Amino acid sequence: QEGGAQTAGSPTSAAAEPPAGGGTFAVITHAASGDAFWDVVKNGAEAAGKQYGVTVSYQGDGDPARQSQLIDQAVSQKVDGIVVSMANPDALKESVGKAVAAKIPVITINSGGDKSKEFGAITHVGQSEDVAGRGAGEQLKAAGVKKLLCVIHEAGNVGLDQRCNGATEGLGGTVERLQVEGTNLADATSKITARLQSDTSLDGVLALNPAVAIAARDAIADSGSKAKLGTFDLSGDVVTAIKDGEILFAVDQQQYLQGWLPITFLTLYAKNLNTVGGGLPVNTGPGFVTKDNAEQVAKLAESGTR
Amino acid sequence: MTATGGAPARGEAGFAVPLLETRECGKTFGGVIALREVSMQVRAGEVTCVLGDNGAGKSTLIKILSGVHPPDSGVYLVDGAPAAFTSPRDALDRGIATVYQDLAMIPLMSVWRNFFLGSEPSLGWGPLRRFDVARAKRTVRQELRSMGIDIRDVDQPVGTLSGGERQSVAIARAVHFGARVLILDEPTSALGVKQAGVVLRYIAQARDRGLGVVFITHNPHHAYPIGDRFLLLNRGASMGEYGKADITRQELTSLMAGGAELEQLAHELSRDEPPGGPKEIR
Amino acid sequence: MTATGGAPARGEAGFAVPLLETRECGKTFGGVIALREVSMQVRAGEVTCVLGDNGAGKSTLIKILSGVHPPDSGVYLVDGAPAAFTSPRDALDRGIATVYQDLAMIPLMSVWRNFFLGSEPSLGWGPLRRFDVARAKRTVRQELRSMGIDIRDVDQPVGTLSGGERQSVAIARAVHFGARVLILDEPTSALGVKQAGVVLRYIAQARDRGLGVVFITHNPHHAYPIGDRFLLLNRGASMGEYGKADITRQELTSLMAGGAELEQLAHELSRDEPPGGPKEIR
Amino acid sequence: MTVADERLAGTGLARRLLIRPELGAVVGAIAVFAFFAGQSETFRSIEGVANWLDPASTLGIMAVAIALLMIGGEFDLSAGVLTGSTGLIMVILSTRYGLSVWTAMLVALVVALLVGFLNGLIVVRTKLPSFIVTLGTFLMLQGINLGVTKALTGTVQVSGLRRAEGYDQARALLAGTFSLGGTDFRVAILWWLGVTALATWVLMRTRPGNWIFAVGGDERAARAVGVPADRTKIALFMTTAVAAWLVGSILALRFTSVQANAGLGQEFVYIIAAVIGGCLLTGGYGSAVGASIGALIFGMADKGIVFLGWDADWFKFFLGAMLLLATLANRLVRRYAEEVRH
Amino acid sequence: MTVADERLAGTGLARRLLIRPELGAVVGAIAVFAFFAGQSETFRSIEGVANWLDPASTLGIMAVAIALLMIGGEFDLSAGVLTGSTGLIMVILSTRYGLSVWTAMLVALVVALLVGFLNGLIVVRTKLPSFIVTLGTFLMLQGINLGVTKALTGTVQVSGLRRAEGYDQARALLAGTFSLGGTDFRVAILWWLGVTALATWVLMRTRPGNWIFAVGGDERAARAVGVPADRTKIALFMTTAVAAWLVGSILALRFTSVQANAGLGQEFVYIIAAVIGGCLLTGGYGSAVGASIGALIFGMADKGIVFLGWDADWFKFFLGAMLLLATLANRLVRRYAEEVRH
C-alpha cells in the first residue's frame, strides 16, 4: 500500500536503470494520466515494478490512434513486455500484432478480453467495464431504484459508455444519461441538480468517478431529491460519504491488481515462461465498498491503492 | 462665378455622356450625416477637383465613386447607366482605379505583392496558372523609378516604408491600372515637392490620354493649374460645381482658405519677415 | 548660404544650452540605413524645420528625438546631458510632446480617450483615484474648437474621423501637452488651408511662449515664414543646418523642389493657363 | 459652429443605450432565457434560477478577468488550470501540512500572482504571442498539478479540507449561500457581481482602464504617447491570476476536495464567454459587463438543455446551435441598432 | 539612382535565408532534435524517426491547412472534430450500409466540403468572428458525431472497416507504409510533404496566395483593391475541411475503427503547430513550411519525452517547457538574424 505512494514520490524513478536481472515493461492504457481509476492501476504497476526490480513505464491516451503510436514506440524501444488496455481493439490490432511479431510478450488488461487471445496476448487481467457497470446496476436495482441517471463526465469516452451500458443491463429499468464536464465540479453539480429538479421521478444516480460522486451528493441535497447514489472508484471523501450513508456503494474493480498482476505475470514469464491460468482471463473484481467495509478501505483509498 | 450645373467646361468632351455621375447622392454613418445630396460629373479628358475643409465629405464621395460604399440616397451613374457596385472590384472592372486616403496598403505584405494585389499578372494555363513574380517585381521597380521614388528593395514590407514612399506606391499602382477613370484622394499630401510635381505630371498625362481624373487636394497650387472643374463641398453638402472658366485662381484660393482671415494670420507668424509676405501662407 | 554648424541663428536664446541636440546620430533598420551621422539642435523659442525628400529619414530623426527609437550611433543630448530614453514616456516626462506621422491614434478608442491617453486627468485620491471624464471631454471639445475643428461627438471612435480630423486631434493633443519641446511630423499635410493656418498659428504661439519646436513639412510656404533654422536631409544624411539669415526663400524652395526642373513641369501641366504661372506648382 | 450640429441625428437615451457593446449580449441573453423559460417551468422557478446562476458565477468571474486581458490584446490559456493549482495548493497545505485555511489561501495567492507575473513578464520581454507563452504555462501547470499532487499524496485528488482550521469562516465568505425569497443562492454570485462592477469601473473610469484599451487597440501607438504598456500587460496577467485564485478557492472550499485535472479545458470556456459578450479577439474592444452576460448566456444554455431533458448524446449539438443563435441575435440587434441610429 | 544603393547593406544568400519566416522554426526543430537524439538512442534510430514522423505527418497536414486559414485571418476550431466526422461517415457507410470504401470516402468528402463551405459562408455573411462560428460548428459536430453514432450503432465507436470493399487499395494509398533503409515509414508522410509543397506553391506563387495574405493582413484594404475576400475565405475554410477529410480517412483506414470523440481537442494542437511555425494569430503572416516544421517540433517533443521514459505524470510539464524553449530559440534566432543583417 505504501509502495504506490513511494514509487510515485520520485517522478523520474521509473526511468532509472533497471536493477540487474530486471527488464523494462511498458503499461499503455486508454486513459490520460490523471484519471482517478487509472492512476490506481499505475500505482499498482509501479509498486510491482519496484517489488521485482524491473522498470515500469506507464503511458496512456484516450485517442486510440495515439495509444497505438505509444505501443509502436514501446516496440521500437524493444521493451521486454507490454501491458495494454484495449478499449478499442480494432484500432490497436496492428500495433499489438507488431509487438507480438517482435516477440514481445503482451498482456491485455481491463477491456478487450475477448480479443486478447486472438491478437496473441499471453493473458488478460481484469474484466471489462460492462461487467462492472452491470454489477453497479444490480446493486441499485436491489436498493429499489427504477429510474437511474448515469452521469458521463467525458463525452464519447468508451469506458464510461460501457459502464452506463452495463448499468442499463443490470438495472433492467430506465437509465438516462447526463453529460457533465468532469473538470468543472460546479458545472457538474448544477447540471445534476437541474436534471433532478426537472425530473422528480429519477430515484437513482450513478457517478462514474469519485469527484463527480461528491458533486452528485451535493446536487441530491440541493435539489431535495431522494435519489440513491452509487459511484465508481474511491476517494477519501467518497469513503466518508459512504460511512455517512450519503453514498450507497462504490464499485471497486480492484484495479490495483490490473496494474500489479500483469507486471508480476510478465516478470514470471520472462524468468520462467509461466503463463497464469493457461491464458484464460484473470478477473480482478468487481468488489463493492459499502457502509460495512468502508472503514477498512478508507485509509487505502487515501493512499491511492484502492 | 456661377455654378455650371451640368454644362461641360471643355469643348471636345463636352456633349458626351459623363463617365461617372452622381445625382443627389447622400451617405450616413450611424448618427453622422457625411454627405447629402451631392451631384457631380466626371468626364473623359478632364480633371475634376473636389475641394473642401477637413471632414467635408470628400473621401466619402470618393468611396461612393469607387464602390467601397453604396450611396444611401440618390443615384450613381456610370456611362449614363445606374451602377450598382457591390465591391471595389466591380468598379475596377469598369476601369475605375482609386488611391484611397486611408485604405492604402497591407503593411505586412511586400511592395510588389501590394502593387499587383487584386490584378496579379499570370503565367501558365489551367491549374498551373501562377503569379508571374519576376515580371511583377520588374514592373514595380520600373514604375516606381519613373516616379522618382527609389525603393531599395521591392521585397520590403510596405509597413516599413516612409509615409511618402507608401503614398507613391499607391499612386503608381492606380496609374498603372487606371483604364478610364483615375481617382486620387489627397495623393500629394505626404509627398515632397519633387514627388508631388511628378504626380501632377502623371495626372496631366492621364488626362491627355483621355482618362477622367478625380483629384482631391488641399493645396490650391496643385488644384488650380490642373483642374478643369471644381466641386466644392462644405459640411457634407455641395456648394456647387464650377468650370475653370467660371472661377479665377484668386477666388479658388480664397474659397479654399476661408478668405481674408489668412492675411491676418501670416502677419502674426512671420515676425522676422517684412510684412510683405503674408499671402504665402496657403 | 552657409551651414551654421552650432552657431545659433537667433539672438536671445543664442548662447543657452540647446534643449535637444543630436551629434552624429545614425539609425539602421535591418539592412536599411535610414539615418547617418546627423547633427542638429533644438533651441528654446525657435522653430527648427527638417526638410527633405520622401524617405530622407525625417520621421526617423523625429522618432529618435521623441524616444521611440534609440540612436544606433552618435549621442543624443537633452539640456546638454546625454539622454537615454527607453520609451516615449521618458521623453514626455521631460516635456517633449510629439505628433507622429504614422503612430497617431488608436482607431477603436473614442476621441476624448485618445486625447488624454497616457496623461489622463485624475480626480480623487488613493484607490478611488479616477479618470476625470467630464473634464476630459470638456477640454477636448474646447481644444478642438479653438483649432477650428468641430468634431460632432467626442465619443466617436477615432477610426471613423476623416484623415484631417484625426490629424487635428493629434496636433491639439501635442500642443496641449507640449511643455518645453513640440515635435510635429508633417502636421499640416492632411489639413485644409484654413486648418493648416490655425496649426501654423499654434506653432508661432508655442515658439513665442519659449518652446522649442521641430517642424517637418513638404510645403515651403509653410516652412519658410515660421522656421528659424532649417535642417536639410538627403537620403539619410545631413546636407547642413542653416539659420534663417543664411538662406533665402528662393534658395529654400529650390532646395526642397530640386531646382529648375519644376518650371518645366508647370509648363506641361497648365495647358489652359498662360505660361506665366509656373512657379505656383510647389 | 457651437450650436447643435445639423450633421448629427437623434442622440437621446435610446441611442446611447443602443451603442453600448453589451447591448447585443443582453438581447442574446433575453432570447436564451425566454426560450428555456418558455419550455421548462423549473428553469424559470427561483430554485432553477439559483441553480443556473451558480456555475455562471464562477465562470463569470473568470470571463471578466479574461475579457480585461483580451481587451488589452492578450490571451491566457493557463487560467483554467491555475484555478486547479490554487485549489490544490490550498487543500494540500491545509490538510497535509496543517496550515490554516487562511494561510493556505494566502500562499496560493502568492503562487498565483507569481504565475501571472511570469506569464506577463515572458510575454512583454520575449514578445512571443501570449497564446504560445500561456500555452506553455498551461501545459507546465498541468504537469505540476498532477506530478506534485501524486508525489505528495500518491493519488490524483486531495480531499479533507473540511477538517482544516478556519474552514467554516472561509467557506461562509466564499462558498456559502445566502437566502433570497426562501431560496439559497451561492455567495459566489455576489462576488461575480462585485468583480464585474469593479472591472467596469476600472475600465471606464480610471487611467489603467484607458491604458488597457490602448495597448489592445494599438500597442505601438500607445507606447508612443507614453502608456506604460509592459506594466499594463503584466498587471492584466496578474489580475487574471487573482481571479483564478478566487475561483479556485471558491471551488475548493465548496467541494473540500480538488482533482489534479480540475479546471482543465475551462480556459476555452472563459474566452468563449468573453467573445459572446462582445470582446474582440484582436483586442482593443469589449466590456466587462458584456463578458458577464456572455457567461450568463453560456450558463443558461448549458443548463437549460439539461432542464429540458433533451438527449444527452446530442447535448453538444444543442449547445453549439444555441451559442451560434445567441451570437447571431446579438449581431442582428447591433446591426439594427446602427441602422435606427440615423 | 539606378546603381547599387548606398543605403543597403549585404544582400547575399545568407541574408535571404535568414529573413525567411521559417528560419526560427527550423532552429527550434534542430534544438529539439538534438536534445532528444543526444539522450535517447532509439529516438535517433531509424525506427525511432519513423515513429515520431508518423504522428507529425497527420498533424502536419492539418497544421498546413490551418496555417493557410490563419494567414487569411481566420480560425477553425471545428477541424479536429471534422476529422472524426469524416472517419465516422466512412466507417459507418461502408460497414453498415455496404458501400465501398471509395464511395464512402466520396460521401465523406462531400460532407466535409459542405461543413467547410457553411463555416465560411456564415463567417463572411454574418461577420461574426470565425472563432465563435467554428466553435458553434465544433460543438454541433461533436453532438452529431456522438448522437448519430449512438443512434446507428448503440455504442460510441464503430469498427470493422477491414472487411469493406476496396479497403486494401484505399489503405495502401492513404494508410500504408513504404520502406526506406529497411524501415517502414507511413505513406502519410508523403502526403504531408505533398500538401506542404502544394500549399507553399499556392501561397508564394499564385494569385489566390496573394489574396490570402491580403485578406489576413487588412481585409478592408484588400477589398478596396478588388480582392474577392469572401470567396478567398470560403475557399480557405473548404481547404481546411478537405485536409480534415484527408486526415480522417488516413486514420480511419489505418485503425479501421473510429470513436465518436475522435479528433476532439486536436484543433488546438493544429493552431499550436502553426503558431510555433511562425504564423501570426492576427493573420497576414506565416508560411506553410513553418507550420509543417511546427508540427515536426510538436511531434518530436511529444514522442521524445516518451522515449526518454520520463514519468507520465510530468509529461505535460516537459511538453510545455519544450514548446516554450523551442519558440524562444526560434525568436532569439530571428532577432539575431535581424541584427546580423546589417
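By letter and in written order, the chains are A, B, C, D and E; residue numbering begins at 1 in each of them.
Heads up, the rule we're going with is that a contact is a pair of C-beta atoms (placed from the backbone, for glycine too) under 8 Å apart; a residue touches a chain by one contact, two chains touch by 3 or more.
Bear in mind the structure is a predicted one, so any value in this text is a computation, not a measurement.
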Overlap of the chain B and chain D neighbour lists contains C, E
If you count the contact pairs for each chain pair, which pair has the most?
-> B-C
Using mean Cα positions as chain centres, tell me which chain lies farthest from chain D.
-> B
If you average the Cα atoms of chain D and of chain E to get two centres, how far apart are those centres in Å?
-> 30
Just give me the whole-number Å value for how far the CA centre of chain C lies from that of chain E.
-> 48
Measure off the straight-line distance from the CA centroid of chain C to the CA centroid of chain D, and report it in whole Å.
-> 44
Intercentroid distance (Cα basis), chain C paired with chain A, Å = 72
Of all the residues in chain E, which ones touch at least 2 other chains?
-> 7-8, 11, 142, 146, 280, 311, 313-315
Residues of chain A touching at least two other chains = 8, 11, 33-34, 155
Shared-interface residues of chain C (touching two or more other chains) are 31-32, 152-153
Can you list the residues on chain A that touch chain D in the complex?
-> 4-5, 8-11, 33-36, 39, 43, 152, 155, 176-179, 181-187, 189-191, 193-195, 197-199, 210-211, 214-215, 218, 222-223, 235-237, 301-305
Chain A residues within the chain E interface of the complex = 8, 11-15, 33-34, 42, 55, 57-60, 62-66, 68-70, 72-73, 76-78, 88-91, 93-94, 154-158, 161, 165
Given the complex with chain B, which residues does chain C contribute to the contact?
-> 29, 31-32, 52-56, 58-59, 101-102, 149, 152-153, 156, 160-165, 167-168, 186, 189-197, 200-201, 203-204, 218-222, 224-226, 228, 244, 249, 253, 256-258, 261-262, 265-266, 268-273, 277, 280-282
Within their complex, state which residues of chain D touch chain C.
-> 1-2, 5, 7-8, 11, 201, 205-207, 209-211, 213-214, 217-218, 220-228, 280, 284-285
Where on chain E is chain D touching in the complex?
-> 122, 126-129, 131-133, 135-144, 146-147, 150-151, 271-272, 275-276, 280-282, 311, 313-321, 323-324, 327-328, 331
